[in-house]
Amino acid sequence: MAARDGLARLSLFTKVLPEKITYTGLELSPHWIAKQTGVFANSLVAFRGPCNVATGEMVDLEDRFQELRIEAREMVHFLGEWFDGDLNLAIARQRLLIAGFGELLGALLPAGLCVWRKGNDLYVIGDGEPRKLSVSIVTATPVSTLFHFGVNIDASGAPVRAVGLGELGLDVDSLVAAAMKLWSEEWASMEKARCKVAAR
Amino acid sequence: MAARDGLARLSLFTKVLPEKITYTGLELSPHWIAKQTGVFANSLVAFRGPCNVATGEMVDLEDRFQELRIEAREMVHFLGEWFDGDLNLAIARQRLLIAGFGELLGALLPAGLCVWRKGNDLYVIGDGEPRKLSVSIVTATPVSTLFHFGVNIDASGAPVRAVGLGELGLDVDSLVAAAMKLWSEEWASMEKARCKVAAR
Amino acid sequence: MAARDGLARLSLFTKVLPEKITYTGLELSPHWIAKQTGVFANSLVAFRGPCNVATGEMVDLEDRFQELRIEAREMVHFLGEWFDGDLNLAIARQRLLIAGFGELLGALLPAGLCVWRKGNDLYVIGDGEPRKLSVSIVTATPVSTLFHFGVNIDASGAPVRAVGLGELGLDVDSLVAAAMKLWSEEWASMEKARCKVAAR
Amino acid sequence: MAARDGLARLSLFTKVLPEKITYTGLELSPHWIAKQTGVFANSLVAFRGPCNVATGEMVDLEDRFQELRIEAREMVHFLGEWFDGDLNLAIARQRLLIAGFGELLGALLPAGLCVWRKGNDLYVIGDGEPRKLSVSIVTATPVSTLFHFGVNIDASGAPVRAVGLGELGLDVDSLVAAAMKLWSEEWASMEKARCKVAAR
Amino acid sequence: MAARDGLARLSLFTKVLPEKITYTGLELSPHWIAKQTGVFANSLVAFRGPCNVATGEMVDLEDRFQELRIEAREMVHFLGEWFDGDLNLAIARQRLLIAGFGELLGALLPAGLCVWRKGNDLYVIGDGEPRKLSVSIVTATPVSTLFHFGVNIDASGAPVRAVGLGELGLDVDSLVAAAMKLWSEEWASMEKARCKVAAR
Amino acid sequence: MAARDGLARLSLFTKVLPEKITYTGLELSPHWIAKQTGVFANSLVAFRGPCNVATGEMVDLEDRFQELRIEAREMVHFLGEWFDGDLNLAIARQRLLIAGFGELLGALLPAGLCVWRKGNDLYVIGDGEPRKLSVSIVTATPVSTLFHFGVNIDASGAPVRAVGLGELGLDVDSLVAAAMKLWSEEWASMEKARCKVAAR
């Protein structure tokens, strides 16, 4: 039992980086996380900082072709690099992680507000037009897949109607800790699920 | 634009089967769905009927080794067969579909009740001990992956503390229709996401 | 039935681009097609224009190491980008598409002339030495595979003995339309075949 | 050069089995070929014999669900087992091999007759309604993919309008030898193509 | 650092089963190990017991077609089930594990004797004709790959010239413990290697 | 038998390059080998020359982040490019090839000295502290995997305690020839193993 639990706990390495880091899109590069952590493994890190992604750094080409940009005064950034699986798996994992974040958040929102997930975007609804809470992208490198999920803390500067965790009165650090724990457990339980089903 | 929408709409074939069918676990077989629908494609069908899975038909070996069984007087069964991707992808898809179902359900529950997803299980919480709402499994065949997600309508007979959609006062048919629509759109949007990101 | 047909028709997005475009080899880049069409999906487009590929842009390294180049005054260019499958699949698809084009062409040639396919090259034979009709290459990007198939309309400038559709008296537009239709149907029928066989 | 040619020549092991063998569908099993040849490698063998596949042995479930059967007094059977690649690759290879067979055949038919390939079926056309010349299927095992391509020699007993190589006045043995040579070369050239393209 | 070490230590679950178990070939089945250990993960277990594999249970078809059998009075059996990677990876892993075992063994043999590995077989040489020390096989299931490596303790009954660890005066338990440790570390270091190289 | 042997012999193209070449890390690039040999196939070449890899060319990011470098006055360099399989397979193959080299070397060392393999490094032990004999790395490109294994001949300049084949009194050319032969046979036998096991 201990062995199985131990396996589960470590199958996704997670770490909160203490320093403020501006997310410009360049951080979405192979081994950027390993350079910060010194750990070479499937990883998911979190850090706080502004978001300022120029059009030319947009990985989502639908957005780039439309010359969009991403900006916010402060976000909590979740950045992952995974060395197994392909882009299809990374996309499904991305949405599942975001759905999990939405589940956590939904239980914490003030009465009258709800979380609405549309694909890889989270919105807060309940008091008028939906307000966008997050941005996300997944892509592939020749050796890995990369994940970014940025959640507004202070949405100032965002080019769309948006909201941030600060404005919602939520404690960012405990939310981040809860998300990291939830995701680690989900990851481990998916790995176990892979190993326990009989073929048909 | 029309082309892209059309592509999205059809990338997962969905159908509600009108007849009552008892789910015994044998339905979780390659091409069982195609035999019902006459369509050979990534599919997801829904039908209503009792659930009665004997230990020997349990695909989850952790459950089978413990000689568990699954039983409920009536469930809505979602059954999928997907001809692309491996078991890891099927597991991530499974959980994402279930998270999406939970998102729909959460917006419909009476005040004071919430949905809680733990891996591939949904529970209803808010009035005492969590009550189990659903069962799910994913497995692989040599040509496909298979998905079952059974949601209690009438949980009578369940070997654990459980709840059903009937008891919760929910309209099953419209919930099923909403889930099928949500999932089709999620599936299509994941396929598009696959095609629109620049590699790093 | 309708659903299945619909699925088939849209599984490969095809479009004839109206403008003349010189093919230099740089068009064989990820998402170049999506930039033209606005559609993010497995795609195959056709356009007319000169062909002028310098040695340094040759993807076929056997040719590049020998410092070959490709040139023709006018070709019809078929360009594909496919987001599923690996390079081996892309190569088999390439040759099958070219075989299909040859099948169409063979039925249209003047008496006494035949099409001869050697790997991914088409030749016209029957009146002396074979004359080269086409060039083709397939390659991989980190997110997709890419396909180019250029068929001479006016072979002037080609560094080998060559022939063009113009000289053969063929109507290019209707041949392109027929090829696109054939390929879409072949693609769809392969996808269906994937889903309808029992494992052994 | 010698090394490369040598590699090409042997990448698909081919052999004509001398004995008459009735094809019942059971031959489409993993390692059946290896048992005949003693060679464990990607293989393609040919043999002559009746064809008699009962509904229950049909691997094509669309046909099995419609309770079709396959029958002919004599066919030449091509049977392949390939230990690399998945079912999608096997399907593309199947159609390419059949297209190649059609190309050979087209050059040999009496004036006024043509070959028409529709997916994995060959027909002879030119003198009224198309007559079916062949049947084919591809499937997967947990360790390989399997290929059957049966070409009528004497189509008697076929449940559809059909034709055979005998009736067409063709020499079966030399056609088989030519097909085996063509396919070996195509296979080898695809393997080389895999190794000589620069990524984009 | 601690995290990385922890990850490494647990990426392959290893266990020595205390009971004597006769290896008949049937143990080489999906989830047999999980049933013994209660752990669902990439696993490698060891146990002692006779070896008695009838022709019909031979997974190696070259051997089965020749109607060989495997027998020894006592072996130490290493049995693995791995839920990632395909049969090619499993074969490379098999040989690497066996090479590692040979490296350990070579350092322990009495003067004048050496280990010789030929593919997946170990022999002891140095005093006349090589004596076979081990048997091994790898195969695939629809959900995993399976590994058996049986090392003679008492080779009595073997159908070929053979030797056992007992006869060589080696302590089996400590050799097994050393092998399990070596393999766990090798496995972990391969997983880390996967995550630390820059693409070219 | 001849056919099978022939297949085996050619499945990995090997060649000793006669000229001296300094290994700087840039040689670890896609198709570098093909440019030297003119052969487009899974390949493994050997050549002699200095080793001088600057930090910026280090593919092993753990080493690069620590600003290590690799240097030796003369090495025999084995360089491979393989067009099948992923990075996990390449890593397992790398270690197996190195284990095989160690097996050869062990039989040739003077009395009192042994080879010790730790992951992908070989050491010579027996007379004090282990001395490092080799360096190795494996990486991926979008179309292939690449392998470098450099064995010191004259270890002068190495930044760690090291030893070379010269100092050990070994004949480099015959060792290289033996390694190439061993590896070719191992490769072929793994390919055959892939094709001869029954699934479970």
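Each chain gets a letter, A, B, C, D, E and F, in the order it is written, and its residues are counted from 1.
Rule of thumb we're sticking to: contacts are C-beta pairs under 8 Å (C-beta built on N, C-alpha and C of every residue); 3 or more make two chains touch, one makes a residue touch a chain.
The structure displayed is predicted, hence computed values, not measured ones.
Novice: Any chains in contact with both subunit E and subunit F?
Specialist: Shared contacts of subunit E and subunit F: A, D.
Novice: Farthest chain from subunit C, going by mean C-alpha coordinates, please.
Specialist: Farthest from subunit C by mean C-alpha position: E.
Novice: C-D versus D-F: which interface comes out with more C-beta contact pairs?
Specialist: C-D
Novice: Going by the average position of its CA atoms, which chain sits the greatest distance from subunit F?
Specialist: Computed centres place B farthest from subunit F.
Novice: Per the centroid of Cα atoms for each chain, what is the distance between subunit A and subunit C, given in Å?
Specialist: 40
Novice: Where in subunit D do residues touch two or more of the other chains?
Specialist: Residues 30-31, 34, 38, 40, 61-62, 84, 87, 139-143, 194, 196-199.
Novice: With chains as vertices and touches as edges, which is it: line, ring, star, complete or other?
Specialist: Graph shape, chains as nodes and touching pairs as edges: none of the named types, so other.
Novice: What chain pairs are in touch here?
Specialist: Every touching chain pair, ordered by label, is A-B, A-C, A-E, A-F, B-C, B-D, B-E, C-D, C-F, D-E, D-F, E-F.
Novice: What does subunit F use to touch subunit D in their complex?
Specialist: For subunit F paired with subunit D, touching residues are 1, 3-4, 6-7, 10-11, 13, 30-31, 34, 38-42, 83-84, 141-144, 191-192, 194-199.
Novice: Once bound in the complex, which stretches of subunit B touch subunit A?
Specialist: Its residues touching subunit A are 28-30, 59-62, 64, 84-85, 87-89, 91-93, 95-96, 99-100, 102-103, 106-107, 114, 116-117, 119-120, 137-142, 146, 186, 189-190, 193-194, 196-200.
Novice: Going by the contact rule set out above, which residues of subunit B touch subunit D in the complex?
Specialist: Residues 31, 34-35, 38, 40, 142-143 of subunit B touch subunit D in their complex.
Novice: Mind pulling up the subunit D residues that touch subunit B in the complex?
Specialist: Residues of subunit D touching subunit B: 61-62, 65, 87, 139-142.
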